[in-house]
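So, here come the structures, one by one.
What follows is subunit A paired twice: with subunit B in the first complex and subunit C in the second.
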Partner chain A sequence: MNRSQEVSLDTVRSGVRKKKKNKDTWAIIGFIAPAFIIYGVYVIYSIFMTFYYSMFDWTGIDANMVFLGLENYVRLFQDGVFWTSIQNNFLLVIASLFTQLPIGLIMALLLFSPIKGMRLFRSVYFMPFLMSTVAIGILFIFIYEGNYGLLNAVLGAIGLESLQTAWIGKESTAIWAVIATVCWQFAPFYMILFRATIVGIPEELYEAADIDGASGWQRFKSITLPLLMPIIITSAILSVIGSLKYFDLIYVMTGGGPNNSTELMATYMYKQTFTNFNMGYGSSISFSMFIIALIVTVFILLGDRSRRGNE
Partner chain B sequence: MIRMIKSMPLYLLAIIILIVMGLPFVIMLLTSFKGQMEFMTSPWSIPESFSLDNYLLLVELEFFGYFVNSLIVAVVSVVIVIIISAMASYPLARLKFRLNRPIFILFMVGMMIPIHTTLVPIFILTNKMGLYDSLIGLIGPYIAFALPISVVIFTQFMRDIPKELEESAKIDGCSHLRLFWNIIFPLLTPAVATVAIYNFIHIWNEFIFALVLTNSSQNATLPIGLREFYGEFSVNIPGIMAALTLGSLPLLLVYFIAQEKIVTGLAAGSVKG
Partner chain C sequence: MFNKKLLWMMLAAILLIFAACGPSDSADTEDTPDNSTEDTATETEEGSEDNEMEAESEEATLTLWHIETGPSEEAIETAVQRFEENNPNVTVEVSQQENDPYKSQLSVAMGGGNPPDIFHSWGGGWLKQFVDSDQVVDITDSVDASIYNEAALSVSTFDDQIYGAPVSMDVVPVFYNKDMFEEYGLEEPETYQDLLDIVQTLTDNDVTPFALANQTKWTGSFYLMYLAERIGGPELFNEAFERSGRTFDDEAYVEAGSKIQELVDMGAFPEGVNGMNYDTGQSRQMLYTESAAMMTMGGWLVNNVRDEMPEFEEKLGFFLFPSVEGGEGAKNHVVGGVSPVFSVAQQSEHPEIAAELVNELASLETATEMSNNAGSISAVNGVEYEDSYIQEMSELLESSEAMQTYYDQTLPPELAQVHLDTTQALFGLSTTPEEAMAEVEASAQEVIEE
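Right, the complex of A and B next:
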């Protein structure tokens, strides 16, 4: 092909491309618009409105809105319950990371170990994830109940009567009882993610390790774990973000009590907004939740990027 | 024999976890067959007779209305989510344009946004639209919050479909709509399964929007119904257990029927992300 032909071909091509681009633009808009509009109205618009509402003293019922500027945030910083709730949220983040993920991983590994009755184990291990949080909450209220609760009955049966207590009725134990329940609910989800990744690991890798005489632990440490790392990181992100916005179980089981000892940002926000009808103040709590989640996400992403850079 | 002994600790661990994960379900089921008197005298024993009285009480209280509501809301939301998120993912995965990356990130960020941050505005918006205390009022937020994960899953899945496939179709002058609908969409089955299962479980069990956006028990979904029932009959523990069992049954049944499909389907899309 000689040069002049090439040039003319190029001009033809760019002409076609321009026309195509126009057509594409409308297609792009048409395809994205339905999702974007719904997402825009319910999520993006709402975040801005939350910030707007957070600058008012407002019950939400009447039209009487008093502009306060950032006064709600000043009040929030001096609000002891809010600090307790942040503390509990971060406790939940840490506890979730160090219970849900390891237990999920252990369960996933058990499903690949040479034991019989695999179908039964697998079926039962996953069940908690399918139950509604409200149902789990109500069920565990009775498990933790002080007089006839299942947990106390089990403790009694194995001779640990001294540990029996009203688990969610006491400030010192309530938050741990709830955290254990959250773990019970979500460990199965991570098990599924880990299991799916382990299934994808080529059998040859293990065969090669067997030839080299690697022990079970060595196989895990040098083959399974490194290949699981990306999904462990993803799971950690999901777990952290999920813990920061956690609500359902606490609301059903303790309502933030006793004496705010299990209060989370989300339960406190709900209480202020829909029980006390402080829509303005409640909005300042929920906007703070957004900011905290945003900061944590940015940190995770930056950490992830530098980790990838190191590899 | 040696093998058996070697795997003893594994069995022990597996069985302990089995008990922790399964016992609450067993107790829930067993208690639901008891009478209140029997529960008082021996709360954790195996029931003397398997009476269905508690379940009949639930039927009398029209507990099934909650099922119908949850089913309508979940099915409608999931179907719409699949269609519009697959559509939105098509240009994001297959076409080059300037706003591609920002729009994708905007959707992705949605995964970290706490629902509570949008609760008051959505509550007010729903009231203004006259959709307060209606099933339609729930569907909007459910779709909106299901979009981020769905768009991410579909986009990642679609990126892996070979480009040659649509190139020939394009030369034939195929429009984007036909290209998407006739060629791309049928290839998305595994991703559709993931998106459908994941969102269905979430929406079926969703609590906070249902709590804030509905009011009458006529429009209550299952989680709200369970909580209402718990509030009203808190002394009748076997009755509550029957309600919990019944409320958990649909998903568990589907799970036992199509276990492998659900488990792999649930993981297929997520693992890649």
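Right, the complex of A and C next:
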């Protein structure tokens, strides 16, 4: 008797639970579906369609598509400009990681120093990120100009005439000039991220450190930096992915030139797809970009996981 | 288990959405009501006539994309106003686009199924690409071919069918600052050697001889086109393009390339010429500030000057690119092109009304206004020029024995890009003329002979 009662009670309970679970399911679907459908159409579906298109010889404006299989990819791997663009992308990744993040961090720390007029500096430091990319591009075109540009004038004024050059007109300097501009634009973004996190660090930790007689550097090394680590990892991922997909300033400032020396994967894809009417080939560049970004992200995440495992 | 189920439901939901978005579906819905109404209606001719009447008096909105600026933009706007007055039911949305991004914008719009009804082009290989893809309406029956200059109309005529109506033409002379020429005791050159002497004199006086902004690439292409023509003669390009004789790696092209590099070595162009952008006015600034004395540019430069620095116009003179000693070309052969050419997109909902607007845009009135205010030669016959500049330019064009259309508009886009890229590399001294021309030829074999 007892046992059967228990059994029946159990079934009743599980029945209730099941009902509740079902109700939850619909609620969850209801909440997730709208976003998921949009994501599915514009991201997941697009990725597969890109791969599909990349197997064709197609202009993108007509109905005539010739199936090539993976021939576009074979051509891609023999394409010197594509390799230049990958190299430039990785230059940009490295430059972004090792300038944007440290500069952002330094600016964030500076904003905590007890100087008068800090609010002004905060706005000024953040300004580049608020400007439109095209405006920045055109502004820097004039700064880097070889004949009457500001940069050359400054170099001349401080006696460094030997360094004067046509910054974005020369193949050897163009990519660096643009990378410097990209860093100038994005460092403030990381500054704001870091600053917001530093504000959130409990004051007690610093007070305790003061009591223990910690120096400024020790406070930074043992409190600020470890507590910033998660946001630094996030910023690094944002920065790497952003650099791999970067397009805007290159398009505005150099258009990939001179002689393809500043081409990035995204600008080269654009050129092939919309200027040369090679939708199929452009799609294969686009899909390769996706694969490269995916591999890099997986590596960063794995690295982060093993770091957390160690702790 | 539970997760999998959820996933499947979402995938099913996505599939449903795609099914709803599919193009075949929308076509179906368009077809069915038409058929049903026709079937159920009177089924006589009266009924269909009624429908046509309705279609004519129907409100229509046309979109027009053009790239004109300054006075030519005004000419376009006036033409549109005239059209709207004559056709009160029609609203025209005029959208002005920036020159360089325009090409990609239009192909995105065409590919995305949402092009403007009427669009600008330069005729040639670029327009042909769209014609080949069935994106352009054949307007042979809607335009009066006899009112247009034959050479101008030829850039938008393929297989004897007309796909666009031309408004203006341009020639590309070498513009120069008359005051500066006087200051340094220079005269308009007759031969290439004269030109080299001018370059030498100007560089000795710390003046940049040619203002050139070659990030834009087509700007530098003028020099290659002229030098190649002067060395190899007017048939060189046609032979190479039609694969009927000389090729793009011909000696004449290689020599033209080395002459460009010779000029670069002499300091004939500004520092960092490949980083300067014509559209943001960097080369014109040099001209206006008198830090450069010459500029090889299309007649539209006059339009730019009137817009940007009207007082500079009186200093502006021009001559044709001089002949090269021993070359097959001559000084009175010009490089030029047709712009704007207006065409109707196949996907337009009102192709007939759009074709009427094209007629208005490419009318004698518009061409007259554009010629007199904007400094371009009319592609419509019978314009009386008020402007002395344009009178001179037009005489220049009429007296010329051959006209070379811009390579980058004439060649298929992919090959045009190779031509532009290699020419830019020549200016940057990062390739040799032999390499550059071999690359163009290789691309030509791939693209044209396919």
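One rule holds in what follows: the second predicted complex is superposed on the first by the 301 of 311 C-alpha atoms of A that agree within 3 Å, B and C clash if a C-alpha of one lies under 4 Å from a C-alpha of the other, contacts with A are read in each partner's own complex, and residues count from 1 in each chain.
Keep this in mind: contacts are C-beta pairs under 8 Å (C-beta built on N, C-alpha and C of every residue); 3 or more make two chains touch, one makes a residue touch a chain.
Bear in mind the structure is a predicted one, so any value in this text is a computation, not a measurement.
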Touching partner for A:243 - first (subunit B), second (subunit C), both, neither: neither
Touching partner for A:170 - first (subunit B), second (subunit C), both, neither: second
Which superposed partner A:25 touches (first subunit B, second subunit C, both, neither): both
Partner chain in contact with A:60 - subunit B first, subunit C second, else both or neither: both
Residue contacts on subunit A - larger count, subunit B or subunit C: B
Partner chain(s) touched by A:84 [first = subunit B, second = subunit C, both, neither]: neither
Partner chain(s) touched by A:138 [first = subunit B, second = subunit C, both, neither]: both
Contacts of A:277 with subunit B and subunit C, given as first, second, both or neither: second
Which superposed partner A:41 touches (first subunit B, second subunit C, both, neither): both
On subunit A, positions contacted by subunit B and by subunit C: 25, 28, 32, 36, 41, 45, 60, 138, 148, 270, 274, 279
Interface residues, subunit A side, partner subunit B - complex: 24-25, 27-28, 30-32, 34-36, 38-39, 41-47, 49-50, 53, 60, 103, 106-107, 110, 113-115, 120-135, 138-140, 142-143, 148, 150, 153, 184, 188, 192-193, 195-197, 200, 231, 234, 241, 244-245, 247-248, 251-252, 265-266, 269-270, 273-274, 279, 282-283, 286-287, 289-290, 293-294, 297
Residues of subunit A that touch subunit C when the two form their complex: 21, 25, 28-29, 32-33, 36-37, 40-41, 45, 59-64, 138, 141, 144-148, 165-171, 174, 254-255, 257-261, 270-271, 274-279
Complex interface listing, subunit C residues touching subunit A: 2, 6, 9-11, 13-14, 17-18, 100, 103-104, 107-108, 110-111, 129-130, 132-135, 208, 214-215, 217, 270-277, 280, 282, 285-286, 291, 413-414, 417, 421, 424-425, 428, 430-431
Complex contact set, residues of subunit B against subunit A: 3, 7, 10-11, 13-14, 17-18, 20-25, 27-28, 43-44, 84-85, 87-88, 90-92, 95, 97, 103, 106-107, 109-125, 140-141, 143-145, 147-148, 151, 175-177, 180, 201, 204-205, 207-208, 212, 222-224, 226-227, 230, 237, 240-241, 244, 247-248, 251-252, 255-256, 259, 263-264, 266-268, 270-271, 273
